[in-house]
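Take a look at the structures listed below.
Each of the next two complexes has chain A plus one other chain: chain B in the first, chain C in the second.
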Partner chain A sequence: MFAGEQAELGKPSDTMSSSATTAKRTSTVPPASAGPKPPVSFSSSVTIAELAVLTGTYPVAIGSETVIHPRARLESLGGSITIGRRCIIHERTKIGYMGTEGKVVLDEDDRAVVLGDYVTVEVGAVVEASGTIIGEGTVVGVGSRVGRGAVIGKYCTIAPQSEVPAGVTIPDHTVVYGENKQRTDRRGVAASMMKAQAQQITNLRTKIPSNPAKFQ
Partner chain B sequence: MSRRAPKGEYIETDTGNKVARKAILVGTQNITLGGKTVIQPEVMIRGDLSRSSASSGGSGSGNNTAISIGRYCFFSRGCCLRPPGRFYKGHFTHLPLRMGDHVFVGQNSVVQAATIGSHVHIGEGVVIGEMATIKDYTRILDGTVVPPYMTIPSFSIVAGRPARVIGEVPEGGHEAFELRELYKTVGNNVQPAPA
Partner chain C sequence: MAPLSPYTYIQCPCSDAPSQARPSETPTRDIAADQDDDDRTFDPRAPRSNYSLYPLEYLLYCEDCHQIRCPRCVAEEIVTYYCPSCLFEVPSSNLKSEGNRCTRSCFQCPVCIGPLQVTSLETPPDPNLLAADNTSSGPSGPYILACAYCHWSSIEIGIKFDKPNGIYSQLQKLRNGGQTRLTAKERKDRRKEAMSTGSFASTHPSNPGSDDVLDVESQFENLRTFYSHQLSESTSAAPGLSMSDLGISSPSSLARLMNYYNVGSLDPSKKGLGNSRGRARLGTFREALDTEEGLQLAQLDESASISAFKASTLSDLTTTSQRLSQAESHLSNLVSPALHGSSRLTSTLRPIPVLLRTKRSKRCPVCRHIISKPEPKVASTRFRIRLVAGSYIPAVSIRPLRVPGVTPPPPPDGLLRPLVPAQYLLTFTNPLFEPVKVTLATPSTTPGRFASKVTVLCPQFEIDANTDVWDEALKSGSSETSRRRDEGSKAGGVAEVGKIWERGRNWVSIVVEVVPALIKTEGGEELKEDEDVLEIPMFIRIEWEADATGAEVGAAPGTGKEVREKRELAYWSALGIGRIGSLGQLG
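Coming up: the complex of A and B.
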């Protein structure tokens, strides 16, 4: 991330190159976690771990009974982040605008991301913002990646380590797995999965100490 | 975690565990390390997700171990260990993640297994689904996705998305699973490799 920023900052490098000693002062760049605090609107029943990271300038809205695990990153640098009710955002996930090739360009308009109700984003998954929408009851598996502007329907499953390319629309009840393969989920278990999600959240709420005040 | 002034990259315990200062251990009271285990930086271990029968507090001396790890295990940079969750008698609960000795976990792998035997090698970028069972002397190649509830028999070589048994560990290939030498190569004052 910093490589791009430094390339931008160091534009007058020709003038600086004569004094080689100043070139060492790269440590003054603030650490990656330090960023602007976004305006948040949490429901009162949100469970958000203290170790979660929220950065950016656009608003972040989180619906009721949603659980955010420690070390989840929500970056609203380029657009708002809306998370529905009873979602589970696991650790090490990244949701939001990550910048283009390490550079943060804020000229384009819509960098928003919307997660519907009952969405699960599993460990280490990345959801890139840019009008990205994830429908109700969808599971984004471990380490998978949702490209910018992708629109995922309701009750989909994105299998672990798979990728949804940018701008793609995926219909309801689809399973994305393996090397870009898709099939339709005909089990019809959406209702019971939502019930299971609600139970899982009640369980997680007793285990993850919540500290919404830190982000407000 | 000790609050001494930062000395080295690792904290070394009396039982020989080497835990990186930059590792993220959540709920340390529920994590058991057998000794001589290496935890590299940026490893995340979720000890807070313990079995829920022991009420909401979770602290104290109850046997609500979330993660128990044997001896000579090695967790590479960026991997993540978390106890699996499942429905048991109609309630959602997390079950402990049990791991034997000489288990290697590669970089950026996510392990949510219920049981991992001894002498198991897990490659880079592997995802092990919830409640999976992995027996002794198993080799899981890079990028494998082991589905939930899969049981992998002993001496298998596993690869693919989703995972399949693609071969068997050859006879005499057992010494490759030993992690004693690897243990010596990390830490604050590393001994030079024997000539």
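Coming up: the complex of A and C.
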């Protein structure tokens, strides 16, 4: 993973020397490692950082007010990716990752990943492809992994560094923590968390320069 | 089989029981006396060796005994008790009265042991609506303990706090579910109140309140009060006993108490004594009869627990580790009598107060001098005294000897090839400010079932002092040093017998040649753990001259001469070279 990261970081500077006029931060040349450019359908209020990476051949749809941080990686190589409204996709995440267990071959009309509204995918988390569904208001914690085909309910929390095995179904309001332990979240804070999410998005929109045009 | 990175372990002399017992004021004589021990080869694989071999970094050194000391033989003394969470120093007097847990507001999550935070339940006021309100800034109560990792909160057990500080004492007064728990004193006060209002007859003994379920702490307190009362009553009649030794915890009281139970002893030798004493007290001593006296009837009706289990799912049940951590922190289950003494449902869990930590100083076990002493201040990580072995004995590092063009390329799996000679470079680094003479000894074959051949090409050499780097650089032109630099056999590219390989400022490297054994097991016999590791027992003896220290210098300050004394230190070590591959593995 680390080596891949380096290659990714190294590439833009290579391309930059060829197009000397573009300044460092505003290079419109897509990183060479990005692969094919997927067809996208963004809501007009999406905030997507220029350094986000979208790769694949299947469509990527992003709902209104969603924020995609720089270096977030959306791979629609095997199927479509749908991200709901008011989601936050943090840095160095991999949505639609094709394989810790070898490449998957998805069916023609398969959806790789579906994220509901108000989903947060925190730094370094990986959501693997193949019909993976994450329900509304769920938080995928720092460095955690959601296995392929997992179906996560609404308002769940995947605690940092934990793992959701492939193909499992997780009911609403579940906390996945430790070594595949689960418990029910009884705090009943879904409403206030959604409010906080909206607040954070308004803050982020002032801080992350959006460039959806680059991906269209 | 995973390859193994080379290691050096050093044996502490404490594993050698006789030398430990002897007062070792004269360490040199000690070594002479151990001469017969030297003849016996040390076996790093012997079960005993597990307890005496340490990496150099773990070892300390006593400057008075001139000997290595390990974590196993040093005597430890506690300098400070502190809470690792709030870094508050706890006086040892508090420790006796309040136990070994933080009594402020530091708690661990009972579900996942993550740290709990005190948070206000009240949501911060909406900034848009602030104008009309009065200016009560900051969050207000009620407060809860919440885990940021697994999202457990004390709401789940029905506990909220009025104040954000002193959670420990607040929690002690709360049962799960939020009811307040009566302390023994409050219980007594309440009873008095009932008596004074004249309702005594109706409330006692058929008082439904007296059948209250007591938590373990209250029950113990009641029992204690009851028995000390009984004891004082029964002994006040007996002459010759002062009131001072009536405390229930004194050994004599306990002995007397036990005598009451020895009435029917079957042991004929004790019968007479037990009987006479027992009879004398028989009329005056009775057992607890009600809740106030600490009698707690066993709750045989478990239907409530059973129905609770029926209504719960797997995630509502506690795990073994959760139950253990509850028991370890002596948290009585305040919600209901625990089924067979442990909490079975997560709703019965209590936040775990953080266990205190200690800072310890270490003493030499022989001469009692302090060899390690941390700064008592909790926040400081410094040491006042720290005599680590690494600044007295040479460090040994091991790596394969590779001469370009001579040595064949290393096998990709990093395993040693059986029966193929391999050369390794041992580098000895001298930490002392005096040059040292090193003598090495190894058995010609390693001990154990699979004997590998070992040859140390240069078992005797000198290492230069650990002088200042700049001094060394400035005088590097002198012929003496360059002559010494040249003596290594590295220049020749071939390791020669009796010659060191290379020499540096304060280090020397030598070559060891090993012929790994063929690992072959007969029949279905299994290899023992790490039996295929090539480990060399090596006896290291270092000699140097140092300024005489201690009493001699102090006694003769007028002489003005520098007294030099000869020192030596000898110890066994175990050098792990690598894992031996099997013939089949290597193809």
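Here is the rule we use: the second predicted complex is superposed on the first by the 170 of 216 C-alpha atoms of A that agree within 3 Å, B and C clash if a C-alpha of one lies under 4 Å from a C-alpha of the other, contacts with A are read in each partner's own complex, and residues count from 1 in each chain.
In this section, a residue touches a chain if its C-beta (ideal position, glycine included) is under 8 Å from a C-beta of that chain, and two chains touch if they have at least 3 such contacts.
Note that the structure is a prediction, hence the values are computed from the model and not measured.
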| item | value |
| --- | --- |
| Chain B versus chain C as contact partner of A:Asn180, first or second or both or neither | neither |
| Chain B versus chain C as contact partner of A:Lys207, first or second or both or neither | first |
| Partner chain in contact with A:Ser64 - chain B first, chain C second, else both or neither | neither |
| Partner chain(s) touched by A:Gly124 [first = chain B, second = chain C, both, neither] | first |
| Partner chain in contact with A:Gln216 - chain B first, chain C second, else both or neither | neither |
| Touching partner for A:Pro160 - first (chain B), second (chain C), both, neither | both |
| Contacts of A:Ser192 with chain B and chain C, given as first, second, both or neither | second |
| Touch count on chain A, higher of chain B and chain C | B |
| Common interface residues of chain A - those touching chain B in one complex and chain C in the other | 159-160, 177-178 |
| Chain C residues within the chain A interface of the complex | 111-112, 123, 146, 149-153, 155-156, 315, 346 |
| Chain B residues within the chain A interface of the complex | 24, 26, 44, 46, 48-50, 52, 56, 58, 80, 82, 85, 87, 91-94, 108, 110, 112, 125, 127, 129, 143, 145, 161-162 |
| Contact set on chain A toward chain B in their complex | 51, 70-71, 91-92, 123-124, 141-143, 159-162, 177-179, 196, 199-200, 202-204, 206-208 |
| Interfacial residue positions of chain A with respect to chain C in the complex | 157, 159-160, 175, 177-178, 181-187, 192 |
